[in-house]
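Chain naming follows the written order as A, B, C and D, and within any one chain the residues start at number 1.
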Amino acid sequence: MKKVINDPATVVTDSLRGLAAAHSDLLRVEYDPDVVLRADTVVRGRVALISGGGSGHEPLHSGFVGHGMLDAAVPGAMFTSPTPDAVQAAIKATTVDAGALLIVKNYTGDVLNFETAAELASADGLDVRTVVIDDDVAVADSTFTAGRRGVGGTVLLEKIAGAAAERGDRLDDVEAVARKVIGQVRSIGVAFTAPTVPHIGEPSFELGPDEVEFGIGIHGEPGRERIKAEPADALVERMVSAVVEDLPFSRGDDVLLFTNSMGGTPLVEVYLAHGIAERLLADRGINVTRHLVGPYVTSLEMQGISLTVLRLDSELADLWDSPVNTPALRWGM
Amino acid sequence: MACAAGDVVAALREAAEVIAEHRVELTDLDRPIGDGDHGENMNRGFAAVLSTLEEVPDTPGAVLKNAATTLISKVGGAAGPLYGTAFLRAATAVSGKSELDAEAVVAALRAGLEGVVARGKAEPGDATMVDALSPAVEAAEAAKGDGVAALLGAAADAADKGAESTVPLVARKGRASYLGERSAGHLDPGARSTALLLRAFATAAGRA
Amino acid sequence: MKKVINDPATVVTDSLRGLAAAHSDLLRVEYDPDVVLRADTVVRGRVALISGGGSGHEPLHSGFVGHGMLDAAVPGAMFTSPTPDAVQAAIKATTVDAGALLIVKNYTGDVLNFETAAELASADGLDVRTVVIDDDVAVADSTFTAGRRGVGGTVLLEKIAGAAAERGDRLDDVEAVARKVIGQVRSIGVAFTAPTVPHIGEPSFELGPDEVEFGIGIHGEPGRERIKAEPADALVERMVSAVVEDLPFSRGDDVLLFTNSMGGTPLVEVYLAHGIAERLLADRGINVTRHLVGPYVTSLEMQGISLTVLRLDSELADLWDSPVNTPALRWGM
Amino acid sequence: MACAAGDVVAALREAAEVIAEHRVELTDLDRPIGDGDHGENMNRGFAAVLSTLEEVPDTPGAVLKNAATTLISKVGGAAGPLYGTAFLRAATAVSGKSELDAEAVVAALRAGLEGVVARGKAEPGDATMVDALSPAVEAAEAAKGDGVAALLGAAADAADKGAESTVPLVARKGRASYLGERSAGHLDPGARSTALLLRAFATAAGRA
């Protein structure tokens, strides 16, 4: 394993020091427990939006702290949920009178740790709610399983809920818009290689030279199915139909299409996939009116891509378009 | 024989040592069906527990409660809140007592199991730590007439078998469940760590 | 080789279709020859800023087309300079009365092809100049060699010259500020893995499990020296001193520090390196007043990072801060 | 024997075929010391030249000029403008002639060499295509009394040797120069493609 690190045990904290140096205008970092906070001061009457999870998915979540998006991000160890004390520290630093919404990706660890923190904060008299995003159609949704994972849709959720919080919506309304996004967003991922977690030092799984994991998560867990490598047209068709048939999206829908690099896949391929996906959606009468392309929800150096489709109405489109100023997403200011 | 606070401390020391020894094994078990961090998570947590054991509180319950808080804040992942809750419920079950007899140890184990189930909603057969802990509690109950060391030995044996029983299972909770049918054929890492912890407790009790 | 492509022969064009779909508000693409053009109309009196080069370095250059940066990008085949007819097409589409500046990375192929195009355009009566950026300190600069390569500094040059063109500077002045940037910017890169060019299908070079190429370019050409993998502190120190000693940068300098991912290195490591580099510069009394961190000049999926340092004065800092709106860099609007 | 436009076309067809056959070899030569595209570049260019050879212009110079324009716009990289310039200068050197005798062929080769040097500023010994082309021109000059086919054969032989001579050299132009000392020990891909082109021309001339 060759990586730009000093010590697997300190890689997350060491990286946060660079993040803090690079973006001191937007955010500040507190250490032990590690939390990333908006640089501007906490505002009375504004709902605090907080997210977090295992590290290794950068820019998720720390790169989305700033105006119009997250008030705090709580980075856990690599691929490991942060602990409740860190989440509590983020809540304490950002939450005043209007309460807080915690955005949690649906993994047992994240759900348990964030819910524990929310309970403890509620016991302190704060109105702290959690929403759990579970947009990955690769996982069968059933009460007999841990349920679907939260993946690419998380970025869209953080942006849209962040815009609602920024414009002063009350907690009920921020929560409602968040639940609307969760209800209307679906994702699927594929991987060509496995990520290497620093403290393990070897790839999380092995793939043959023409094997592809279909329905991959973002933690190096293998996908739902192993398929043969195929041309981009066929692969993207497989992904688009998995996503479209799930919600299902229908003819006439306006959608946001988000084509994501899992980290190691070059941008040239991500745009290539995006172009194909847009065409395949258009063939089905689905209208892509908003676009996002790039490495936003990654799994370290894993090669692969994911597609996320969010059905838009005018409220969601407006919130998406609202100004945002974070290290990784910025427009309108 | 009954356990005082110092005995619980000794058991936790033994647990920390065993977890450290099996760090790589636990992580390797978590790689094919999970995200390859269970050994790291457990080791980070128990190393932290170890570092808090210098000052010994005066009751077994207090020792367990400190361990619970440390595990909740240091392990992370799914295992952190689950083991944390288990230790917290165990602590509550025996709070106030200055020594734990066999009855009390079984009560603590059962409370721990109930805590895991309350938090994680897993049932036996879902291929989780519950598959090790649940038969362990039954075996402890059955052996409680033979004293603390013996009941913990019986619990550890049952946990070993229970952990093995996860191999053919299709996981229905935790990350492994994302794999569907592909999760079958693997030993669940959390079940294995539960078995290791119980074996460590039995070893420490046997020594006392 | 597993990649999201249909055919190595069409990968660049196929990818441009996705780029065009995703950013129709900012740019439009013309095909055969392939050129990426600003979506808004050409303005009389404004100098056209054009760059380009082999593909595979995305977002460079296409991702920097837009307000305040490039008027056109000319993407060649993978790692292969575009041909003069494509550069001429870009010049024709963007250049009115104020002339054009071509930003060329110093590679024999790019220089020859862009200069040929510039000559042909000059013959048509347009004032077309070229500046050649050669910021890579890994290569010995000598008239007996092809000279230094153009690498990470190219992004900073395109941003700053773009801001000068946007505010209406005359060609002489845009060229002068471009030459100032070129005179004050230095870079160095390292690689842990080699990129795989689609039409080749295998990595460009082999590296042992603990070998690092020091002084790498961006085309899969091996570096100047092969070193043993080392902790981030040591590696970044080696990089910082190569850069600082070259210009040299001195105590009291204000600089922009740009830490770049070569593509396959996760952001968490890039920020980690950035934090170290900032500290090492501070130790030398060099003041980092502007920051850029991320994958901006890549070499497909190659793992590695580069550091670029630009000495700032108030003119360069102001131009850096000016509004920019492109797919890959955006602020102030 | 002298070459008419049709003979130049035949030579270019042969060249396109030889380049296609050696595409992988040229790319492999470019990988350790360059960016691994020389075979692709040359093949893209000569395939394009081939596709323009249906309509034959009436002079050798016109055929060469068309080839030059196509190479400039299709090869890309360093080799594109260099070979393009070589063909353009060669075309200019023989423009107007309807047939090329040995003298004219040598003049065309020499003009091509001068074009490459004018554009690329490389000297013999810099480990570039100049190391193949420069001795080839001298050999052609020396053999011009023996006719076109023989002088091209002599040129190809000299180019082969010249290409081989780049192996021990430290490159001073092109991408290979970035490697410094590490560039020694490799055959320069452009020198190899020059030798291949001259061999193809000699083969075609031998057939005519």
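To be clear about the criterion, a contact is a pair of C-beta atoms (placed from the backbone, for glycine too) under 8 Å apart; a residue touches a chain by one contact, two chains touch by 3 or more.
Keep in mind it's a predicted model, so treat the numbers as computed, not measured.
Put simply, the C-alpha centre of subunit B and that of subunit C have 54 angstrom between them.
Separation between the centroids of subunit A and subunit B, computed from CA atoms only, is 32 Å.
Centroids built from CA atoms put subunit C at 29 Å from subunit A.
Residue positions of subunit C touching 2 or more other chains: none.
Chain contact topology: the protein chains form an open path, each linked only to its neighbours in the line.
Contacting chain pairs (ordered by label): A-B, A-C, C-D. Partner subunit D is touched in their complex by these residues of subunit C: 33, 54, 76-85, 107-109, 112-113, 116, 138-140, 144-146, 149, 197, 199-200, 204-205, 217, 219-222, 224. Of all the residues in subunit A, the ones that touch subunit C in their complex are 1-7, 11-12, 14-23, 55-56, 58-59, 63, 192-193, 209-210, 212, 229, 231-233, 235-236, 259, 263-276, 278, 288, 291-293, 295, 298, 300-301, 303, 305, 327, 330-333. Within the complex formed with subunit A, the residues of subunit B that make contact are 27, 31-37, 40-41, 44, 72-82, 119-120, 172-175, 177-180, 182.
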